[in-house]
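Below you'll find the structures, each written out as structure tokens.
Look at the two complexes coming up: chain A is in both, with chain B in one and chain C in the other.
What follows is the complex of A and B.
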């Protein structure tokens, strides 16, 4: 991985990935509180599908396995059910650490390739940012067509009954294609997010410049 | 003037033509019955839901809910914020908590909010609709409103994740919260306390990205309801409702099952028990109908 910010981080935190996580990952300062009891891993509904459950990721962070952690598909399997958070004897916000690690890995250009939840999550964010509110119809169609047009037509045909059911129940509206719901102060909304992104980038940038 | 007034955050899925518009409709009916006035936060925006972290970093995501809170502070200064959606409630409440405990993050959020000429102060209480029903209205009043008891209905109360964790309802346990069962019993139905998937995860947004994994979780939730003898599942969460209801055909095809289990909102049960019509209770918004509930509504 060769993004500039990633290279700078590798340089700056050489041999101390735990410090890098503490400084830069959302809620990452909590990682050092983990006592390796494994309750989080045992409580996770997606447990059987992880390469590295949370407890293991925390150990890998301490063991400087930077590449393996940041490019792992594991964090992307968090369903945000908060079972781990409710049960952690040390009160770690594990759900948020998973989200934070996933986003940081992506920011460093190390996201796993073709991870479906990573793809869907980005589609969701782009969808909500566009008008300030989620357009469920466009999100659904985007999801069907994410692997190309031919595949999309196939998936859509398979989902026809589901779509009709939803329209019959008035829980999906074809009118959403024509614009749909959104915030009125859209330019202000976009300016606000741009500012927030700048401030956050400056924070990570500041950490890199300080080396 | 209504007896109870709140600053209301409906959320994207409650909008007209969206996936939980039946939740919205049934809650509006419920509020008419209980003399509650919900004042929508003017020009509210999406909270980012659970999956927002993929595209949005910490600060951009925080500003989403901060904008809603600041708008509420400006337009409804004396009212608690109330949300009906689990994710809306969780995000708004969590942002409030995180900003109020982190002055640096709060300062940066407020710099971003200057772009929309708003300031976040952080003095609001953020509550879920079920908290309002339990704490401000109370089981006794809810019980006294019942005109058509839901007799004979056996109901599996599915609380799910985000209405239960990490915050939960005051005084309830994370592993076995009782409020939904108490509501069901207040309405005259039987609460199936042996339903062991009460707080299981429906897979949230992973239902869309990894359907095989999501459907496996939902299969267990429905199967367990059948095993405890349920006529229907009831839930407070819009994504739980959607995930558990609308994929039953797909699950039947995948697992050779015959699921046909209605999944209702607590608000729909209340509307019917309070004597309101099937239409007012938004029963037509469900894909799998409960014949029994409809009969009571049409009685």
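What follows is the complex of A and C.
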């Protein structure tokens, strides 16, 4: 499904990735307004550690670098600190665009491989939709073991004390392992999610329709 | 006939100084008629007291006055007695505010005050009442050279203000460069879309205005005279010439586009699909409401704008400066395409987008909104690939070499001012004997200094962008629009209004014989004593404003209405025959001689400071307001411009026992700040030679210092004086004391 949608998008926008971003990415219509001053990149505490700081990502969008942008790890690295938004002289909602780009990349099936934020996000989502509530114990353990069993044991041992303290303080219950709490109306919650998925599919469908 | 002295004891002067003894210094040593004290001299009562003395009759009438109070820069209105010569003795900023309190300082502080009073009395004696020369006349007609939007706007503004204007246009129609455009950048909020150029409406307004005369296909054969009485011969290529008289001149001759043939790397000339911005306007006009087509008829679907083509570049043959309009012009032109079809790819490759003013900024945003792509990149070459073009550039954000295809490439080339003959290069060539003027003269001035006005930087004609816009170095001749500095249409129109206002000011001032800025209101003018003149022509050459011609016998001929009263000619004259009624070799010479130079055993040095009244003197005043302490051995004399300092003063001072001389003038050179453009520079040139004088007198070279001082140098200026005190402490007192 994702590849099909992806192909349809490539087809629809031909060389105009900026237009594609404008139409499909949350707050993407702002990208064209960037004046390339670089204030965002200069303000971003993580900027120096990324492949492409925000200013550069926006330039790449204009330069039609679709593949490079959508599969970039950069937008996944955004910590939502909002420094850039506070400072951008053009008032671009940069943080939101970052998340929008990450989401769009994922939807197009172009998410970077083994990107920890992406993995955690997926794990969080999977955990959440099961019972309508996040099972912290399972999520925590899942996170520890995400890079394999041996690595997981090592991390767990390291965090042992933290876990015990949390149990003492009744912040975490070992009983959660056995099933855990859920929301009251679980089936209603699932129905809601399903509806949302349908709406989303319809929206993407609308954008993928031939002109 | 009497000289009255008026000593103010207010502002703390009476508390810090022994005013009784100062009164007697004024009367006995200054040899003036009397000296009255008042505890609040600038008050109505104080001023009335002075006025009453001036209103007396016969021998009792006060015809000259010495005001011993605050700086000459304070209370100028109160102490302005019209034509009556007044000297101002600066006891407040000049003495008490810069001297520390305490009995150990009282003696030197009192000596300082006494010296300044002696100086003021000596100065006023050498001053004479200034009157207009009588050569002036009034002419309400402004000549506007150039019939583009700047010229037309200037003429219309003149007419609105009740003056007459004549437009002299070289071509056979009005409109200029703007007349060749499809649309212009918007002038009003919300600054989103290109708008009509308005040229047709301007032409109609000019033609309908009976205060405006238009001379098409005409040039200026000769301009003689001075503000208020310019005599102009207008030549016509289609009919007979005309002779006309004007009060002032506005030159609005615009610009010539930079020659894109200098840019072969962009395939200009190789492909008809590489065009300049002006050529694109022609394509856009030809297209009308339809899609813009290339020369070969293909509808343009992909256009790339190359900014700064041959501009802001250090390459030889390129322009070093920004032309100020091209970014906005490319934005406008990209909109021509986008507005006709949003799917046309329009990319602007820029180094920096420069869209001056809020309007420009909003216009830029509007283009972004229309999906014009702005990419920061430096274009290296444009290749012709069959019917297509390939633009090669370095993407400056992504830091990579990139290229893109285009149907059409538009080059943002710059502007060259139509300033006419560069009289400075002419002069250089004069020396080698081969005068070759490449550019035709526009004004054909019959001034001794050359046929056009001097150019500032890069051939533009302004005399100072910031302090004196529109002013040129030819009084009464103002420049407006792109001939003054690079600019866009909106700025050119604002400029036209500004220049016309200056022209009107010149007309009104010259009619009553008053100086233009910065000594506005000054009625004095230079005159020379013919018997002493050696016809050396220094004054003619050094006058920054071309005010001096030569008469048939080779004597300098002053055109007072062109003169700015800087005194540079006075400083230049080796035989000191040039003077103003109220400012002369004598007024300054008498002051420096009036200083009581103590003998060498007293160990009190005397340092003469000649400070420019426009920057250095105010800086010293402001330092005093901050109570910055200064040495008691300093005696400051303000001068109109450092250019007016004659080396005779320096020689006299050193010969009469002064230990050091400090001269303070404005910044010189290409980024000068001198109010008289070249005055400070001339002074530096003259003073560079003072070393010879010093060595013949067996004096140390560092006893004379020349500094560039800005009005903001409030802390630095007093330090420069301290430095001279330190020098004197090091080299010792002058051997010329009596």
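Just so it is clear, the second predicted complex is superposed on the first by the 208 of 211 C-alpha atoms of A that agree within 3 Å, B and C clash if a C-alpha of one lies under 4 Å from a C-alpha of the other, contacts with A are read in each partner's own complex, and residues count from 1 in each chain.
One rule holds for everything that comes next: a residue touches a chain if its C-beta (ideal position, glycine included) is under 8 Å from a C-beta of that chain, and two chains touch if they have at least 3 such contacts.
The model shown is predicted, which means the values in this text are computed figures rather than measured ones.
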When chain B and chain C are modelled together on chain A, clash or fit: fit
Contacts of A:86 with chain B and chain C, given as first, second, both or neither: first
Which of chain B and chain C A:113 touches, first, second, both or neither: neither
Angle, in degrees and to the nearest 10, that opens at chain A between the C-alpha centres of chain B and chain C: 80
Which of chain B and chain C A:55 touches, first, second, both or neither: second
Contacts of A:197 with chain B and chain C, given as first, second, both or neither: first
First (chain B), second (chain C), both or neither touched by A:171: first
Per-pair minimum CA distance [chain C against chain B, superposed on A] in Å: 20
Touching both chain B and chain C, residues of chain A: none
Contact footprint of chain B on chain A as seen in their complex: 26, 45-46, 49, 76-77, 79-83, 85-87, 93, 95, 99-100, 102-103, 106-107, 116-122, 124-126, 128-129, 132-134, 136, 143, 161-162, 165-166, 168-173, 175-176, 181, 183-185, 188-189, 191-197, 199-200
Chain B to chain A touching residues, read off their complex: 12-13, 15-22, 43-46, 48-60, 62-63, 67, 108-109, 111-117, 161-162, 165-166, 168, 174, 200-201, 203-206, 208-210, 213, 217, 246-247, 249-250, 284-287
List of chain C residues in touch with chain A within their complex: 353, 364-365, 368-369, 371, 373-376, 395, 397-398, 402
Touching residues (chain side chain A, partner chain C) in the complex: 18-19, 32-33, 35-36, 55-56, 59-60, 62-63
